[in-house]
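Below: one structure, written as structure tokens.
So that you can tell them apart, the chains are marked A, B and C in the order they are listed, and the count of residues begins at 1 in each.
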Amino acid sequence: MTSSPPENELPGMAHAGLLEYWYAVCRSAALRRKPKALMLFGTPIVVFRNQAGLAMTLADRCPHRNAPLSAGTVRKNGNLQCAYHGWEFCGNGTCAHIPGRLGTIPAKWGHVVHYVTEERHGLVWVYASADAEPARSLASLVTEPPEGRYVHVLRELQVEAPLLPTLENALDVPHTAFLHRGLFRGAQPHRITATVTRYPDRVVTEYTGEPRPTGLIAKLLSPSGGLVEHSDRFILPSVAEVEYKIGTENHFLVTAYCTPVDEQRTQMFARVAYRTRALGWLIRPLLEAAAMRIFRQDAAMLKLQSDNQHQFGGEHYLNTELDLMGPHIRRLLKEAETHLELSAVVAARKVEFDA
Amino acid sequence: MTSSPPENELPGMAHAGLLEYWYAVCRSAALRRKPKALMLFGTPIVVFRNQAGLAMTLADRCPHRNAPLSAGTVRKNGNLQCAYHGWEFCGNGTCAHIPGRLGTIPAKWGHVVHYVTEERHGLVWVYASADAEPARSLASLVTEPPEGRYVHVLRELQVEAPLLPTLENALDVPHTAFLHRGLFRGAQPHRITATVTRYPDRVVTEYTGEPRPTGLIAKLLSPSGGLVEHSDRFILPSVAEVEYKIGTENHFLVTAYCTPVDEQRTQMFARVAYRTRALGWLIRPLLEAAAMRIFRQDAAMLKLQSDNQHQFGGEHYLNTELDLMGPHIRRLLKEAETHLELSAVVAARKVEFDA
Amino acid sequence: MTSSPPENELPGMAHAGLLEYWYAVCRSAALRRKPKALMLFGTPIVVFRNQAGLAMTLADRCPHRNAPLSAGTVRKNGNLQCAYHGWEFCGNGTCAHIPGRLGTIPAKWGHVVHYVTEERHGLVWVYASADAEPARSLASLVTEPPEGRYVHVLRELQVEAPLLPTLENALDVPHTAFLHRGLFRGAQPHRITATVTRYPDRVVTEYTGEPRPTGLIAKLLSPSGGLVEHSDRFILPSVAEVEYKIGTENHFLVTAYCTPVDEQRTQMFARVAYRTRALGWLIRPLLEAAAMRIFRQDAAMLKLQSDNQHQFGGEHYLNTELDLMGPHIRRLLKEAETHLELSAVVAARKVEFDA
């Protein structure tokens, strides 16, 4: 009774292995009564809350006449109702009601592809494989925010660039000294030693010899100074984490969850937690303004870079030993995508540079 | 002397058999002194009136340097003159004059593809095969509006969707009870029996057991009530017709001529004729407002549907027995398109549902 | 260490032989401290002035992370610095500095494709082959403006059409009598004899029997009248030149340098030199207003033509004997593009027509 493409063949990017992970798709607070039209790896999805308030995700297409289910409404019974003919669907994709039609609904009819969905730390997470039970738990991906006297901030922004350059940018130290000069690092560079270690599911870089950075943000965050511990982490496939401990009193942790919207766009959810000797809430407005400026500078550069690669018909990178994380991120993503056996641990590599 | 593609090879959709029909391209009243640039099955055409006021249609390309003839003007002699070098063409596509050039114009030169054109019932009709005599008369396609004490209305609107979903939408009853709730049908559904009959060139559905609909429009049209006769008709390849007779006094007939502009757009010309016990002209403003609201709701939904099919890489329908007309329309269009022998009459099929 | 496409493989149009010529890319006066992002044959280039004020041209892509170098700045040392990580490049494409990195830069690293660049007559010229020494001098292409008591004007405009129709339009007489009626030629046509001669690198048409044109511009330029000498010239691959001598006192020379931006856009630099019996500077405002009107009419028509060819899936020309230059221009461009041996001189062909 159906025409053309087979039922579960969805459009979008062919990233096999990368679909077997969880991705943050929107903030919990942003998902209310109205269903949300989103996109994940190029596939349109609809996220909605059922009558119990649980977040549910379906492919955003009614099987009857292909209207987007996100144009519909959630009924009191928790079903998502299509706006065209009023067909209703449960959160697991089963067709529950066809207005006007007599008799029961055949089981094989009207099933919509669904995606397992969970909420954690203020975000709605979707497991990206259609109609599949998760191969790994969400907990294995999401790091817990620190407890205690911390200020917590959650921000969201869209980057017009693919996943890889977005992740690399978030964990790249050299550009911070140049593109964001004065905001984080000061005008005078210092000799730093970085130690990179690649694990099967992550890459970690630890920096030593770094003085307290002298830019605006660094001063706000660590008025007191002290020994600097700085590490950057990539966790397969979507997490970029930057952590600074300065002395015993100042701690700063940014966790960026990067979600591939499609081949050219990445949605970033940045969770920031910090504590300082100073009153955290007092510096928050200044800190946020400076952080948003950095994010906007990065987003603008990523768009320039991505557009230019498009103009030149593809990406064409030259790596130096200062590109600490990018080549490793690329390799892990590639391995996950193609289901290759995951990398063995690579013995830590030391690199010296100025930043 | 010509370069690249062969002279009569026009762009646009490859719909072979569907080109052997007439299509409404604009309202007669909208075609004045200025030539009109239109599109039919993806081919740009120019429609203009010659000195005798007759509507003529050419492919919208000057054979000399390919400027659009629609950017030119109609001369007093009835020729269409190109705006670039002033070449003139008769309505049959013959080149009549080349400014500055001495001597006669070789017969094989400068012929523009032309399309047989007629006007009827306030519309300009074009036979969609290039440089061809019609295989069938316009009269075989166009139904005559009823005579007598009727109010007549002609409206035009563009739908951003292909021909098939547009035709199906125009003849689909179940969505009227949902998408247009309150406008035509009331809140309480009734059991209806539909009888569908497919002929070689049309599909007819007759509804019985239908009470007078209780929505706004129905009340306006049939204040007096009475026995309801309702039938919906598709006539190959572009006509969707809805007819209501309520009692002896009220009669309502919508004929929608649907013209494929290109793969994604359909131009609809809706001719409405009605008479009621009430004074027809009195209810016309209210009726038109309600009808335009219905049209806009349908146009918005068709665009959502069409965009979503594009997102998902194609159409993917599930048909139930409530989809009375769509599958038959698809079949007849397919047969006409591919020059298959046309369907035999399919014995009437009865379906019960609530609307 | 690099990924995907080989280093010097640039995008853009495959015009082999046409790349072995010089093209005007911007006015000298428009190139100041800020690097300029331009495009030549579909390849993004960046043009900038080094510390000595010399114009330099590189492919507009940093080899490191592919940011457009045009988003960067020129340093005091004359290097072009990328805006992302601060890498610096000399005008010959050599990478001169990588911030933060210790040790020397390996020779094979970070070379950016460069283009030989010169300035002449107020224009910046680029030799379109990547990393190549010019096969011919700029002087062989650029004609010298006349010396003496002349008014000189340089204007720039972008045309949304490919190179060939733009060149043909600039040298086409018949359309001037129609599209620009009244501006250059008057209402009454005259019999003209044109003599066309094709050389290996140019086409020249000389017109005899032409009276002084009677349009506005012609009257402004030659108040005194006299014998008219008119010739039009195409010089491979980008120059269209129109010259009028009217009597002994009036001389008018337009040299249009046409640069292929990409497949659909041509940048035109029009150099006008004229002297008349009247005070040249006095008529300049009127003359410029009329000339700009002609340019805009042509640009609008070229866009219509080009868009229409796109709609119809390609160009499809019919040539008459009035198309004096176009077919020859096409042939020379084709020969140059494909490295065919260049045409022998074609004995002058005479054509009569009215304009």
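The rule is simple: a residue touches a chain if its C-beta (ideal position, glycine included) is under 8 Å from a C-beta of that chain, and two chains touch if they have at least 3 such contacts.
Quick caveat, the model's predicted, so the values are computed rather than measured.
Undergrad: For the two copies subunit A and subunit C, what rotation in degrees overlays their C-alpha atoms? Round to the nearest 5.
TA: It works out to 120 degrees.
Undergrad: If you list every residue number at the subunit B and subunit C contact, are more than half found on both copies (same) or fewer than half (different)?
TA: Subunit B and subunit C contact each other through largely non-matching residue numbers.
Undergrad: Find the geometric centre of each of subunit B and subunit C from their Cα atoms only, then give the gap between the two centres in Å, rounded to an integer.
TA: From the centre of subunit B to the centre of subunit C is 48 Å.
Undergrad: Residue numbers in subunit C touching 2 or more other chains?
TA: none
Undergrad: Give every residue of subunit B touching subunit A within the complex, in rising order.
TA: 165, 174-175, 177-179, 189, 301, 304-305, 307-309, 311-322, 352-355
Undergrad: Within the complex, which stretch of subunit A touches subunit B?
TA: Its residues touching subunit B are 1-5, 7, 10-11, 44, 60-61, 63-68, 71, 83-86, 98-102, 109-110.
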